[in-house]
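Shared chain: chain A. Partners: chain B in the first complex, chain C in the second.
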Partner chain A sequence: MLSPAARRRWRRHAAGYAFTGPALVVLAAFLLYPIGYSVSLSLHDWDGYTPRWGPFVGLENYRALAGDEVFWRATMNSVAFVVVRTPLEVGFGFLLALLLNRRLVVRSLLRTLFFVPVVMSLIVVTIIFQRVFEPNTGLLNTFLRAIGLGAWAHPWLGDPATALGAVIAVSVWKNVGFSLVILLAGLQGLPQDVVEAARVDGANAWQLTLRVITPLMRPILALTALLSIIGGLKVFDLVFIMTRGGPTYSTEVLATMLYREAFELNHMGVASAIAVILVTLVLSIARAQTFVLDEAPEGGKA
Partner chain B sequence: MSTAVARASVARRPRAFGQRARAGRVAMWAVVLGALAVSLAPGLYMISLSFMDNPQLFAGRVVPWPPHAENYPRAWVASSIGRLYWNSIYVSTASMVATVAISALAGYGLGRIRFAGRGIVYGIVLIGLTIPLQIALIPLFINLRTLGLLNTRLALIGPYTAFGLAFGTYIMKGFFQGLPRELEEAARLDGAGEFGIFARVMLPLTRPALATVAIFVFLQNWNEFLFALTFLTEGRMRTLPTGIYALLSSEFYGNYPILAASLVLFSAPVLVLYFVFQRQFVEGLTAGALKH
Partner chain C sequence: MSTATDRRQPHLALRAMSRRKLLRLGVLSVAASPLLPRGGRAAAQTGGAQPAPTKTPTGELKNPAEFKSPRVKASGPTTISFWQYVGFHVDVQKFIAEEYKKRHDPNLSLEITAYPGLNEQRVGVKSALAAQSSTPDIIAIEPGAYAVDVSTSGSVLDFTKVFAEDPEYKRGLWPNALELLTINGAVVSVPAVTNTVIVYYNRGLFQQHGLEVPTTLEDLKKVGAALNAKGIMPIAYPAGQDRNFPIFPYYTYLGGIKADKLMREADLGLKRWTSPELVAGAEFVEMMAKSGLYAKGPLGIKEPDAIQIFATGKSAMFWGGQWMRRSIRAALPPSFDLGIFPFPAVVAGGPRPVLSSVGITLTVNARSKYPDLAFEMIKALTGAWGKIEYTRNLGLSPNGPISADAIAYQMQSLKDPLYPEFLKLQPTGTTRVIFTPAVEEAMTQGMQALITTQKTPKAVMESVEAASQKVGTRRFRTG
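Moving on to the complex of A and B:
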């Protein structure tokens, strides 16, 4: 016989699994199982059509990728995407958050409007920007000509030298509102007495921002950056619809290469290897970042 | 200047005295309004294009005058947007309901019951929060094909339910954790079981969190592109994003104003939803991000 206390404990464990059970089943089916499947498939050669997977090839798919110029191009582009996008996104977001962090009648209206691009569907955004960048009658070149900078008019998406920059710019445009909203909430949650004390001590706006507010915001800035980095590595829709990775792979990123390998070239094994690499990359960055955050004095609570 | 005055003046605003302060204010508004213009211009441009005809477009016009409202009925017919709406509403709503229900349960379990292995379960949820969903693309495609489920609504409802689940569970857990213990104890003394406490005492209190999850997950499903593109290879079941994408390769690509009108029709429900629920949107999002 179980003692009443033991029975209660058992019942508690059972209740825990009863409540989390459905979620576990769904996550296992659509998350854990696919991870295992991808890792396994990445060690095989398969065209995706013959009923059975092809032969086990060990790390051959990874080795093939290591020797594939396009893969390195895609990796470098993904990295560039993150390295250029994240500072811009977090920087502009922080600047705007600082500017909006005061009593303004229209503050919540402004916040609402700045968030609109975040809510818009990427496909809509992408199609609009294709038009904005259109060389002859697009908005950007029309605008440049109107203000006398016609010499700068350029086939932005058609030139391999500017295509990646143009795509990143769109990505920044779409996500600044997201950083802004999180950082603004963070600013409003800062301990007001500390900020106040610095003010009373005669700190001017610059000193206040650089020496008091920014250090206090560090954990939240780091979190915003982490979200942006992960989002940057995952990017697919934007590139796929806007440039399809072209011209001449100048905008190819890991996710678009994965899609092409799997569904246009029927290299299921290679595509799975890319998926595994992508996941490893994202998880290790997330891991490194939480590590850094935990090390930070107040980071644990961020 | 006495400290009392200084304190009063700095309580909320920056010092509003002197010319430098005024110059600062002007600069601030210039930056904010400039950024706002950049933020909104593309969307307004799309609306503007949707009222043009091709000659106006090719003339590089910005203001559509005279306006061509007939683009809208033409877009509606050309992109069979009615059916796309229906597919999108069906798929997005079904998976949203499933996600909300399952994540409320899981959030309660993780937030309020101390059971063995809770840390591992929560770890899986956190992995789900960060992992790129692309990892599931090939495995799901192959399995759905084997099961003959490609080009069905179910092919999207299952994955979409899963994709919102980590976020939903995360938010719900945080919210359940914050509820006072006394409520639960009172109900337990009244003889309520675990499920009774969840359903009758706790759940009604989490309405704001439920709304946040529902809206977010719905939006995410509504906009999802990659899986819809891959799993719906034929036209009939297409959701809006892939339906719009298909327009790009159709004859209408040459008729940009009609395409723009389709984009407006596609975006309108989401934007209306956003403006109506923008508080839940923004506050739910920040609560989720900041309450780690």
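Moving on to the complex of A and C:
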């Protein structure tokens, strides 16, 4: 039996529980349970076919990963994906947003054009770029030959030295429009009185951008960067379709390694360990980012 | 030459084809051969036993094989499920299932789920088997790793009982194809079709430059040099297509020195991957990569790219599979004179290696509620009558020998003069399946390293051997 105070408290919160309950159930069923399941599976050996999991192996799957050269390569590639992609995506997105925030005649057209890659099917994009990068008749090498730079023609996706760069370039091309839209919305929401005051004080365009607009945009830039980082860490489809992680693991990232371990090599325990590591990595970065934002001295809250 | 309509609906375009036109194709003028008797099968294994089509008698030909009645029939309306991964097979599978229903078992229906690709289907099947689901009843599996996985986990039924009850059905399947699907001494799956890996070539380009079809490796190198000198790429090789393509040259070499068995033993952990013959295979891969025979950057080339290179005359040859025949044909201009030849002998006096594969294979879920009906449906799809219908418009080779009459019947609707050529090659095929997933992965990566000249052949085979040893004792063995 509940005490009268508890009953009153329950009545006060009943509506809240009723409204949030369904969402919590969905969250628990489709997020928390799978995460718990993965963590548990990462401590077992299982081939994915037999109805019952194999034996409990403790941290053996993690230990195996720590000694696996391919895992470290995939991790480094994932990091490279983030380190190279995010500045390019956010940087170009910001530059384009600044450009499109001006009164240009073709502004609407340009906005649409830059956003087209975002809404294009990834499969279509990868097929197009496979053709672009094809070493013999591909658009890029044909163009290089046409302008007298035939010596630069290269098997972009077939050479381990250039394959990752080529895939990252496609990723940037595909996603820069998304950053642009967010940043443009941010620019249009800036307090105009501050910008005007800076202008009245004699700030030129460069000073205005660097000293006024950029600091004001910091939360939006951070948000865009966070989304790009998370997108970069969990990239799978683009790599899988374009190169399947090859050649010689040169484009292998954590997500493609996870897939390979789970569904090609039947190491479900190892694959789950990779999943746990990947989730931990993403959550840590997200937390670090929000921490930095929270600590921001001015305009810090997104 | 084929028109767009022909390509879309070859059976319609060809139904009206006159005998004279067929004769012009040059495939029906060969002397009649009898139906392959039992004794003919032994010869079939060693090559060239598939008969040429007979002369077409007047009137429309019919499937000459008997569509046998099943041993077991459904007692009431029953639907069995079938999960497969090759979309363009669905129509013919449906057709055979409908005929089966009409002629033999009106209660039995087949529900086909066609996944967009093998990866998606494998994930779906894996989940269903792990959940101990009785669906699907029939599973299309890929030989090699996938067949081993489902078999050794006890997830599928083998064909021992079926073959014992109907030995004639077993005799209708190529023995070398069944060998690829034999695990722990039992056949776990049967092929619906068979395929070959061969070299397509631009006959017109060869004639224009006075080149002969190469029969030895030295010939091939000379042809390659001559083509390169004229600014034509010799071979379009789509090594970037999937994880299997980079291993093709290796399999080819081992087929050419008849070391398939040695490879299988190494795959089972019984022999070392660093043995001289197996290292020689890797040396061959490296030699081919450095020979200038391939179009530049093969690992960056996928099938559609390679087909485009070949179809536009930028390369004179295309190294690929029979399954690409339709895509290639569709990309070719009307004047293109397409030919095929088996890869040249890799050693003096050796055979010309033709890689074979069994394409889509069918098996029965161990937890199926209707295993007998599922086996009967598989027999309908792959048996004497079914195999002729199955391959009639697909242009893929059947899963076993078919008669000359049957080929003539198929040629009524199949506008492809190369089809009988493929049929002649199939029985000579060598195996190209690795059973151990970790070894296959190491092979794929190793061959990529050889193609990009990142590693030496010896280092590659050492890494494959290391992967093999890491797997330890295999839980499976071949029959």
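Keep this in mind: the second predicted complex is superposed on the first by the 285 of 302 C-alpha atoms of A that agree within 3 Å, B and C clash if a C-alpha of one lies under 4 Å from a C-alpha of the other, contacts with A are read in each partner's own complex, and residues count from 1 in each chain.
Just so it is clear, contacts are C-beta pairs under 8 Å (C-beta built on N, C-alpha and C of every residue); 3 or more make two chains touch, one makes a residue touch a chain.
Bear in mind that the values here come from a model prediction, so they are computed numbers and not experimental data.
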Exercise for the section: Could you tell me if A:Leu187 is touching chain B, chain C, both of them or neither one (first, second, both, neither)? Expected result: neither
Exercise for the section: Identify the partner contact of A:Phe133: answer first if only chain B is touched, second if only chain C is, both if each is, neither if none is. Expected result: second
Practice task
Have a look at where A:Arg260 lands relative to chain B and chain C in the superposition and call it first, second, both or neither.
Solution key: second
Handout entry: Which of chain B and chain C A:Ile230 touches, first, second, both or neither
Key = first
Practice task
Would you check which partner chain A:Thr112 touches, where first means chain B only, second means chain C only, and both and neither mean what they say?
Solution key: first
Problem - Partner chain in contact with A:Leu216 - chain B first, chain C second, else both or neither - result: neither
Exercise for the section: Identify the partner contact of A:Gly158: answer first if only chain B is touched, second if only chain C is, both if each is, neither if none is. Expected result: second
Practice task
Mind telling me which of the two, chain B or chain C, contacts the most residues of chain A?
Solution key: B
Practice task
Look at A:Ile168 in the shared chain and tell me whether it touches chain B only, chain C only, both, or neither; answer first, second, both or neither.
Solution key: neither
Handout entry: chain B versus chain C as contact partner of A:Thr248, first or second or both or neither
Key = second
Exercise for the section: Residue by residue on chain A, keep only those touching chain B in one complex and chain C in the other, then list them. Expected result: 48, 127, 131, 136-137, 263
Completion exercise
In the complex, the residues of chain A that touch chain C are 47-51, 127, 130-131, 133-138, 154-160, 163, 243-244, 246-249, 260, 263-266
Fill in the blank from the handout: chain C contacts chain A in the complex at 119, 122-123, 126, 129-132, 145, 149-150, 153-155, 233, 239-240, 242-243, 295-302, 304-305, 308-309, 312, 314, 437-438, 441, 444-445, 448-449, 451-452, 454
Exercise for the section: Within their complex, state which residues of chain A touch chain B. Expected result: 12-13, 15-20, 22-24, 26-27, 29-35, 37-38, 41, 48, 92, 95-96, 99-100, 102-103, 110-117, 119-125, 127-129, 131-132, 136-137, 139, 142, 173, 176-178, 181-182, 184-186, 189, 196, 199-200, 205, 220, 223-224, 227, 230, 233-234, 236-237, 240-241, 255, 258-259, 262-263, 268, 271-272, 275-276, 278-279, 282-283, 286, 301-302
Problem - For the chain B and chain A complex, residues of the former touching the latter - result: 3, 6-7, 10-14, 24, 28, 31-32, 35-36, 38-43, 45-46, 49, 57-60, 62, 102-103, 105-106, 108-110, 113-118, 121, 124-125, 127-128, 130-142, 158-159, 161-163, 165-166, 169, 194, 198, 219, 222-223, 225-226, 230, 240-241, 244-245, 248, 256, 259-260, 263, 266-267, 270-271, 274-275, 278, 281-283, 285-286, 289-290, 292
